[in-house]
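The two complexes that follow have chain A in common; it is paired with chain B in the first and with chain C in the second.
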Partner chain A sequence: MELSDSVVDYLRQVAGLPDLSGTRYELEREIGRGGLGVVYAARDQQLNRRVALKVFDFPMPQEAQLIAQLEHPAIVPIYEAGTLPDGRSFYAMKLVRGTRLDHYLARSPYLAERLRVIGRVAEAIAFAHARGVIHRDLKPQNVMVGEFGEVYVMDWGVDAVAGTPAFRAPESKLDRRSDIYALGILLRFVLPKPQPAALRAIALKAMMPDAGKRYQTVNEFLADIERFQEGLAVEAWTEPLWHRMRRFGSRNGVLLWLFGAYATVKFLLFFLRHL
Partner chain B sequence: MSKIWVGLVFGLVLGAIDGATAWFTPEARPLIGGILVGSSIKGMIVGLLSGWFAVKVHSIKWGIAVGASLGLLFALLVALMQKNHYLEIMLPGFVLGGVIGFLTQRLGTPGVPQAIRPEAGRERMR
Partner chain C sequence: MDTDTGIGGKTGQFPSTDLSLLAATHDEFPNQALERIVALYWKPVYRFIRVKFRKSNEDAKDLTQGFFSTALERDFFQKFVSSRAPFRTYLRMAVVRFAANHRAAEMRQKRGGDVEFEPLQEELFAAHSAEDVFEREWRRQLFSLALDDLRAHCRAGGKDLQLRIFEEYDLDRSKHSSYAELAAGLGITEVSVTNHLAWARRMLRALVTDRLREVTSNDGELRHEVRRLWS
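Presenting the complex of A and B:
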């Protein structure tokens, strides 16, 4: 008996689906596919809520346990991990409703909002680094912005992941500074045109090919962004005098206006007296 | 530095500078010493009150308004004592009061709010 192509395709698709029989989950649909596994939307029938199931074709990576211990508002919480009846390993996590960062930027958010998102991402990375976990594959597609503005960093990498070439640091052995490199590219990616020179300098410092010349911690990177947001000079950039004066003027506009008013009053009184 | 100290220091400095500008008025030159002292004291009083206000109310707009009003009020008192030069004393005093009000809002620490002081808590528990 010969099977039509469409039937063969259907059988291939069904055979690839995870076997959730005997589990508390009911499969809904595939929502993402990466180098390590496939992510499905599913319903947790016991708690009557939707979850995301990440299914691996190989034994559960050890790092998944580390990720499960990262309890942070910007890191998607893992609810459960285990093995499916078909032998594949999986973990269930919160199903994030939101928009991928690259799609979110298409709405042209303000610079402050873009920097807020980068700040949340960097905070999550700093938190993970403090617990010995490296993301390894930070890119806009792995950052989600929720409907209430919440930011999630997804797809925490494991050793098997080599990273996405455009966001991958040049060094062969990845470490925390490789995530800082990716943060620099992410920052440059979110900046609107024309890019503010100070922010471009921060991104370029984070993206230095020599890991030793980058920010050595995510907190240093974050601190420089915060300095920019507060109208202070950033460490990554030696600003020209005219820029320093403009920054001073924009930070102290009210004070300059008041002193200007005082000087005007004094001059007017002086000239009135000598009329 | 507390906001009250910011007010006192900037009031003193700006008051002294404002007083020193009297040097450009030839008829006031012989009195420059007294003007300097009086103007500095006036600035310090405006700074003290503006600093106290800045501890209570955190608003640049209101800080400037209150500082300018205080500057105008004390400049009026000085002008009334002089019975002369009302415009020359009151206008700069008004603007300088605004500057001091702004600086007390912008600089200095507001101090520990009463609600989180341990002794305040103990008092409430009695």
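Presenting the complex of A and C:
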């Protein structure tokens, strides 16, 4: 007898689920799909806490080892890695409660908040680069903003991950500058309309097709954003004179006010003296 | 009603083929490799032709048989380049080209006369595109072959109890037996039922992957197909 569609679908469902028999975990539900595996919410019965389980279709211990080396507030900590009874490899990590960056932006946060998130992401990437790890697949779907404003960079890449086309740098051999390219796209993605010219220029510099013309380190990228936040000229943009004067005015408002007051008083005194 | 053929059905009267085997050792085992491809793809191609080109059962069978015969004669499978597209897509596109050429040849024979396609009587297909039908049939065939492998594996390894639990709980969905009912009926504990069921599902998954490995050309394509199947 031929298998019916409903039986095939049922078999795909039950045989596709990870086999957690004999482990400390109890499966709850699927919560996402990453580059190489599926992420489930599960309960750690020994410690009575919820965790996220990333289960790989193929043996992939390298990713867990990679992330386990990265102890950083914006990188999700790994609790355990191993092999399930069905032969698939997995790792258990902190279950992040929060919102994906693309959904978070729908709440229309202020520019300062958007830049704070980008700053946290860039710091995590800079930290990873310092340890020889590159992300390879940075995009809004891989950034979570927690319920208390904490920011997490998820789904750290492995060699097999080619990246998401819209966020992937054009070069065939990915390196740190490829993450900087993705940071540029991420920055442009989070900016509200109309985009401030200086920030748009920072994003465009990070996204230069020629990797040699981008920021060469994440810290350079971060420094330019900080310059913008402090009202200084950014390296990525040669600003016109009127813009420089306006920026000078907004940065030195008190000084200009005092100078104006001083000039007015001097003028009045001069005027009164010659009456 | 013009019902579907029983060829290439439940138990794969066509033996299995291995594309990776084909690539690596096709001089040595060409027939084994090609037979496995035919085992998995004969029925999906047949149903695809029925829906896409609105062919009768007999015409679709002839066309399917013609496609595979021509493909084997002209070393079509050996010409597959894995970097361009998954094998499944490559094969489906080839079927479209083959059927189009066949139709053109028919038209020439009839000297431009009207070609009437027989009306498709199966309403089942009306709601789905030919590509969907191909995909569904491919999945069905894949699971059918893997279930055959599972049955053979269980019988050879003395796992009749595991197979019986799996067939009653997962395959016979009309009964809706609970773990407790199954345990009581078989005189074992509920935990044993769940353990045996988990074992059978695990085996099925592994056997499905084995079948996929046989018809994919490299690890990348295999991963792609595995993810596509279980997602």
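Going forward, the second predicted complex is superposed on the first by the 264 of 275 C-alpha atoms of A that agree within 3 Å, B and C clash if a C-alpha of one lies under 4 Å from a C-alpha of the other, contacts with A are read in each partner's own complex, and residues count from 1 in each chain.
Keep in mind that, in the parts below, contacts are C-beta pairs under 8 Å (C-beta built on N, C-alpha and C of every residue); 3 or more make two chains touch, one makes a residue touch a chain.
Remember, predicted model here, so these are calculated numbers, not experimental data.
Shared-chain residue A:Leu269: touches chain B; no touch with chain C. Of the two partners, chain B and chain C, it is C that touches more residues of chain A.
When the two complexes are overlaid on their common chain A, residue A:Gly16 makes contact with chain C while staying clear of chain B.
In the overlay built on the shared chain, the residue A:Pro85 is in contact with chain C alone; chain B does not reach it.
Of the two partner chains placed by the overlay, only chain C lies in contact with A:Ser6; chain B stays clear of it.
By the touch criterion defined above, A:Leu255 lies against chain B but remains apart from chain C after alignment on the C-alpha atoms of chain A.
Shared interface residues of chain A, touching chain B in one complex and chain C in the other, do not exist. Within the complex formed with chain C, the residues of chain A that make contact are 1-3, 5-8, 10-12, 14-16, 19, 21, 33, 36, 57-58, 85-87, 160.
For chain B in complex with chain A, the touching residues are 21, 24-25, 60, 64, 87-88, 91-92, 95-96, 98-99, 102-103, 106.
Partner chain B is touched in their complex by these residues of chain A: 254-255, 258-259, 261-262, 265-266, 269-270, 273. Remark: chain C residues 9-10, 136, 139-140, 143-144, 147, 170-171, 173, 194-195, 198, 201-202, 204-206, 208, 219, 223, 226-227, 229-231 touch chain A in the complex.
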